[in-house]
Amino acid sequence: ACSSGSDDNAEGDGGSDDGTEEGTDEGEGGSEDGIYSIDDFPAAKTDAGEAIDGGTLNYGLVNSSVFEGILNWNFYQGNPDAHVIQFFDESLLSADENFTYTQDGAATFETSEDNRTFTFTIGDNVNWHDGEPVTAEDWLYSYEIIGHPDYTGIRYDASFRNIEGMDEYHSGDADTISGIEVIDDKTLEISYKEAWPSLLAGGIWAYATPKHIFEDIPIAEMEESAEVRQNPIGMGPFKVESVVPGESVTYTANEDYWKGAPKLDGVTLTVVSPETVVQALESGEIDIAGGGFPTDQYPDVEESLTNVEFLGVIDNAYTYIGFKLGHWDADSSEVVTDPDAKMADVELRRAMWHAVDNNAVGERFYNGLRWNATTLIGPAYPDFYNDEVEAPTYDPDEANRILDEAGYEDVDGDGIRENPDGEELVINFASMEGGDTAEPIANYYIQAWEAVGLKVELLDGRLHEFNAFYDRVEADDPDIDIYQAAWSTGSDVDPSGLYGKEAPFNYSRYSSEENDRLIAEGNSEESFEVEHRQEVYKEWQELMVQDIPVFPTVYRAALTPVNERVTGYSAALDWSEWQEVGVTQEDPVLPE
Amino acid sequence: MWKFIVRRLLITIPQIIILSIIVFILAQMMPGDALSGLIDPSIDPAAVEQQRERLGLNNPWYIQYVDWVGGILQGDFGQSFRFKMPVTELIGQRMVNTVLLSVVTLIFTYLIALPLGLISGRFNDTLLDQAITGYTYIGFATPLFIFSLFMLWIFGYNLGWFPTSGSVAPGTEPGTIAYWLSKVYHALLPGISIALIQVVSTVQYLRSEIIDTKQKDFIITARAKGAGEQRVYNKHIFRNSLLPIAAFFGWEITTLITGTVFVEKIFSYPGMGLLFLESITQRDFSVANSLVLLFGTAQIMGALLSDIILSIVDPRIRIK
Amino acid sequence: MSNELLKIKNLSTSFRIGDEYYAAVDDVTLTLNKNEVLGIVGESGSGKSALAFSIMRLHTRAKIEGEILLNNQNIVKMSTSKLNKIRGDEMAMIFQDPLTALNPLMPIGRQIEENLFLHNKKLGQQGRKKRTIELLNLVGIPRPERVYEQFPHELSGGMRQRIIIAIAIANDPELLIADEPTTALDVTIQAQILDLVRELKEKIHAGIILITHDLGVVAEMADRVAVMYAGQIVEIAPVDKLFANPLHPYTRSLLNSVPAEGQDRLHVIQGVVPTLKNLPRTGCRFAERIPWIDASHHEEHPELHEVESGHFVRCTCYEHFYFPDNKEEQANGVS
Amino acid sequence: MEATDVKELEQAKTPSAIKVLLKELYRDKLALVSLIFLVLVAAFVYGLSIFLDQDQIVTVDLFAINEPPGEDFILGTDYGGRDVFGQLIIGTRNSLTIGILVTLLSGVFGIAYGLISGYYGGHVDNVMMRILDFMNILPFLFIIISFVVIVPDYNTITFSLIMSAFMWMGIARLIRSKALQERELDYAQASKTLGTSNFNIIFKQVMPNIVSLIIVTMTLNLAANIGLESGLSFLGFGLPESTPSLGTLISYATNPQTLEHRWWIWVPPAVLILILMLAVRNVGEALKRAADARQRRG
Amino acid sequence: MAFLEVQDLQVYFPIKGGIFNRTVDHIKAVDGVSFEMEQGKTYGLVGESGSGKSTTGRAIIGLEDITSGKILFDGKDITDKKTKNKAFRKDVQMIFQDPYSSLNPRKRVLDIVAEPLRNFEKLSKQEERKRVQELLDIVNVSPDSIFKYPHEFSGGQRQRIGVARAIALKPKLIIADEPVSALDVSVQAQVLNFLKEIQSELNLTYLFISHDLGIVKHMCDNISIMYKGRYVEQGSTADIFENPQHIYTKRLIAAIPDIDPKNREKQFHNRQKVLEEYTQSYNDFFDQDGLAFQLKSISDTHRVALPQKG
């Protein structure tokens, strides 16, 4: 599986605190000038002019509810918390645009021959906010917390289990983790059981924990401690000054920051709801709307928000239609594909892909800020994205042709195709609530399929609430034949967590030997060679377009509005240079 | 009196127990649990399952219930699954806000209701009364949420007189005067919004109460004593009509609870109502259950309070 | 003129029903002397209370015409402030229903004191309390200090009626109007209250108007009696003359419907008292209920005729009246 | 005999509660206008929705998204390209249906409950009132929200049922206190001594006497129930979009862009619901005055 | 054998209180009352308000639960509510005090009068109407008015409609609880005359409850005086009025205002005298709780609650 840690927590789409899905409307629907493209947006904002000395930045965290306030990388669960933490604490390793570790971070690393042992060296000038140096002990301590039997969070996963001696430590049989060794104050060595290329793509837990602060707190109680909630410290560019639980945080500059003192005096982070974020931007109440500006509001405010520049990046997420092809076998913990499933015929699936016009969906519902998707590794991973894949395109005639050929014909003349055995074919479609567009989109798909003679019905005649939806999808509810969902794909391209035979998240329950092979290959030792890995994943992407266990519908853009006075800021997913951010004037720029 | 209160409190106990069971079963029947929201490829499902086991979410409901009740009996309402902190502490934070909002609402309710009710009752069927009655009609007909949206837009955004979200300005030091002033300031617009809508029932009640009292025989007695109009109103009519309003106070709590849900949502005001809505959608049942229990208890206490107030102010009602 | 306390001239009190006014008290003329008890009897709806309320000017929405002179001051035309000075002081009223006539939320003492406070500013708080206790004693309330603190609901009907009387007599009124003061009470308590009123009359020398529909009460209490029917006075006479020699058909019928010794069948008045809206406004208003009396015997515009000194009767029909079924018995109506 | 039968029918109606209330309504011009308005709206909405195809109205049209009002669409379209006017008609119908259904369901149950409890009094009353007290302390909004999440098959009927389950207490309490009074009245006592069964006394003797109260309360409840439905929809716990209601239409306004730029989606339902509730209340209040006047009649 | 026999009737109402709202005490509304009635006679029951008159009547007809004691009707025990069978319901009827509330305002006269008929006899519509019209004829209400509603009648007429309903099943005993006290004097006469008339016609027995001694004297053959739930004196009308024995009876009689103004002074002094006697001998006639003693016969018809010593 992938590991997380950067600010791009990956969460099921339509999650209840997900602002990005909500509402889409536009003024001049239908006219060409109402359509935008991600290419029109810069990713960074650097040209605002000379930054003044100091100044305070108001960061709006767009979220429809409060942030939970678990302000520690080891323990946080929700995406909003990650936004809060990013200002005061950061990963010791930095990553490039493909989320692969580089040597520019607070720590550098060396890899052994067999790619199984990593030696990390923490920079000398890397200190905690209280002046204590960040040590190898501190880093180790993170592992000791997460691996501990009393640990209350959810970070313990395969990449931890892959560490030598972690299992023994986790089960309580060992007091220390044999695979992690503190060489000296600033040097740490971690030995893995297997060498995985994923490790280098965000697979290493690179967050240190100030041991001198947490030492005396039992691990089971850390989550609740004031050190996590009220006055957390980190090694990042800003220090936490005060926290209003759930609502706001104020930060002051960390003059001692290892990349140099920040340009700003401080940052104020406030939660703004997606409903009011535009007004907050307009009034200058916030300078940056991070965490998911509702893109559907963009066409309406583009003209009026003259004091704001919109930055845009391609989000590492896609929406898809899934076909239920089998079930999950809990005993063996793997997917069992059923050749007799209603959707088992790949031609049927291919025809359904041809039948829908995803570009129209993107243009009409999202003004072009979502667009037709082709493969399951999206353009957010430029090195791995296979733009040559020949994915089915919108072509109802082709769909009809395929269906006719595959024997789905309208036997009884009611305009609805029967299955090859001449039996009635009704496909049950499950979709989630989430924002205004969810329902019309679901209906659009149903209509589009009906247009090629397929009878698709919305499960229970309604959209399902997030929890109910996943409850049923996860349980392989026989009433669900197809479903619409979305994935945010995290920092690692490895698709095993979503499409592997042993992945519970493989909701379509698709498996094939080829798939197993490619997925294993992609994360094997050979794949430390990037070119090899690219090849493997390109092949896998082709396979997915052939087998169509799911088909991606749209990719999406993530917009971040930024006040004109802000400089040095970037919306890129891998960016973390807060010390460079400054403002060009004391007060926010207001609309003319 | 004390016996009465004790008796009422004793009756409350089985009610709360049943309420807690209902609430608990409802929670169990909802699809998903606190962790089913973690549909995240970067989180190992095994870790989630482990946590689920640790939180006892896999136990049968009655065992969970017994654990939960056992905790409550020791003053421990459990942990919030989502916030990872004790429910008591979490609700405590939010309660301050909701209580503040309620107090502001109540103050405005009475500030508006009393003069309007008194005027409209005393001068019934005059133009002024018709204006006030018209207001109450419209108030009754206007759903609170539409009105609040409207208020937020006018006074929060367009005029910018009030903060548009949150319960306190960021960075204010807790405990300082500025902090509390900021809190009150944040509660003002939502509070007034509820008050303006909610007040209408009190106004109407007061009005009809006054019109009623005006026709009572003892008013004629007072007039026959030679009491002037002003005195008749002040000493007899208003006083007697206000008593039931005083007793309303307890019931007001009930309506407040409902009202704050809408308003907290619209004003993104982090109070208990909003917390409840989120707890339901996020299946943070320890919080949701505790809140329902709390609201239920508040409702019981409100009713009790009403009865007690009434028995204090009305000599005819003697509680034994 | 010396002895005349109250003089009512051509008083009409009208209520608005729909768009029109209807007189519930229709052209009533009366006098009351000091230290005299005037009884007013009549069926329900005959306008007794309306008359009493007019004298106190307690109607809120009635049209009052004519003159009500209390010690030569016209109450009908009086300013409100002047009226408030007189009410409760020179004139006072005892109400019918002791259950509702007291403020349920005010202690007894305060309700009596209010009257003192309004008309006797000199008294001071101590003085008021003293006087209140005195009044409670006067109306025969045991343990007045305790009752002073109590609330109306803690007292029995009889006690409450005494409190109402105490309020009424607090400032030694010259005119006391008692509107059915005992109707809601038991016989024994009624007797006590009547005895009390009688005692008080001796003490405060007030002129009293006693409204009742109980002929026995009138017989025991009144010096003069006025009989009302349909808003008019149909007969008025000193009490002994009225009972010894009732003249108006209505008076006679009324007396005859009370069970008396040796009477097997009681007299029944035909028909019902007309409602305010349907009152006959011309001719003899009682005519429709004695249809066996020839129409020609009624006056066209019935007047009060003085038959003997102080004994007035309306309409000439009385001269021809007889009871239909037991004609011969009519003589011993009451004897 | 024929003739008298006709007469009997005529006579039967004379002072019936409904007639008196209607007469009173006729006097109160504002209420009369309100009533006519309501009847027209109801007739229009129910009538028109026979011809309107709900499926077609909620059909997504990618090329007519957020159209302002114009020739094609009287009230424009929403973000799904769906005709707002059609949705308004169907939404009004659904809201009214729910309001009426909830009022009737909760009314019928509440009335029966209150009558039985009040009429029998004593232990029966005690037990029934304890249950009612308990229902009353349930924070209904919260429980309804929980319920709505649980119930899988969620439509006008189930939604009304859920709402009704929490709306009957007020009317039950009212009717009970009235029944407690009525049963002490001599006519009810008389019926007992005449050997009339309790059931007949409750429903044939006592109930007709509180008809006007029932009508008034139900009318006022109707306003409240329509409002509650839209409130729940607003919070996101109402009917699914495929069953539009006034509340769902208004809740589109939580999207600030809809609120500011696309008035045609939310203003008409908001205004309509306001006027509807105002009208229902006007009628209710007029009926209330009428009922009071009757009580004063000696 | 007596027609109706009441033995040691007690009706207590609980007073609730305490933490669990348990019954802590009782109001002894009727506390050990015994009497017998013969058919065709009128029995008066007099006493001050709250003395338990109505409760006694209501207990007999079954509107009140009986705490203890026994009621025999025609020799059959009908104490328990369940034993008050159909026959009994037919035989015993009640006339209520308030002519306004005792008739269902929403029902037509036809329905009101026919109510008992519908409960006990299966009649066709025509038969029923005929019976109702006959009944209305008996009570001197125009038979045309069967489709009218109660509010279209005067108090006296209503009271007579109530009587028509009560006699519809040809009962043997009618309990009349203050049947005229809400009526104007002239209307009272109407109803009283009428009650007397139908009594002889239908051989009715009345239990006539009133607090107006004048009316009771006019109506009754036998009178019982009640005080705080107990009988203090019982006897023929002559016994009570001419030879009152109990001090309370005396006081009650003295309190009746005399209709002749000439007797005013005499009456007043008489009253004072009785009152004095009453205060003096109060302790002789009542026990510590202020309750009357057991009744003792002093003649065939006359029984008085005299002190034990005699």
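Per-chain residue numbering starts at 1, and chain names A, B, C, D and E are given in the order in which the chains are listed.
To be clear about the criterion, a residue touches a chain if its C-beta (ideal position, glycine included) is under 8 Å from a C-beta of that chain, and two chains touch if they have at least 3 such contacts.
Because the structure is a prediction, the values reported are computed rather than measured.
Centroid distances built from C-alpha atoms place C farthest away from chain D.
When C-beta pairs in contact are tallied for every pair of chains, the largest tally goes to A-B. Chain A and chain D, compared by their mean Cα positions, are separated by 47 Å. A separation of 55 Å divides the Cα centre of chain B from that of chain E. Rounded to whole angstrom, the centroid-to-centroid distance between chain A and chain C, based on C-alpha atoms, equals 93 Å.
Annotation for chain E: no residues touch two or more other chains. Counting partner chains per residue, chain D has residues 149, 254 touching two or more of them. In chain B, the residues touching two or more other chains are 30-31.
By the touch criterion stated above, chain B contacts chain A in their complex at residues 30-33, 36-48, 50-51, 54, 82-86, 93, 157, 160, 164-168, 170-174, 268, 270, 274, 278, 281-283. Every residue of chain B that touches chain D in the complex is listed here, in rising order: 11, 15, 18-19, 22-23, 26-27, 29-31, 137-138, 140-146, 149, 153, 257-258, 261-262, 265, 276-277, 280, 288, 291-292, 295-296, 299-300, 303. Across the interface of their complex, chain C is touched by residues 216-218, 220-229, 231, 235-236, 239-240, 243, 313-316 of chain B.
The touching residues of chain D, counted against chain A in their complex, run 58-60, 62-67, 79-82, 149, 152-155, 236, 240-242, 252, 254-258, 260-262. Against chain D, the residues of chain E that register as touching in their complex are 58, 61-63, 86, 89-90, 92-94, 96-98, 101-108, 115-116, 119-120, 126, 147, 149, 151, 162, 165.
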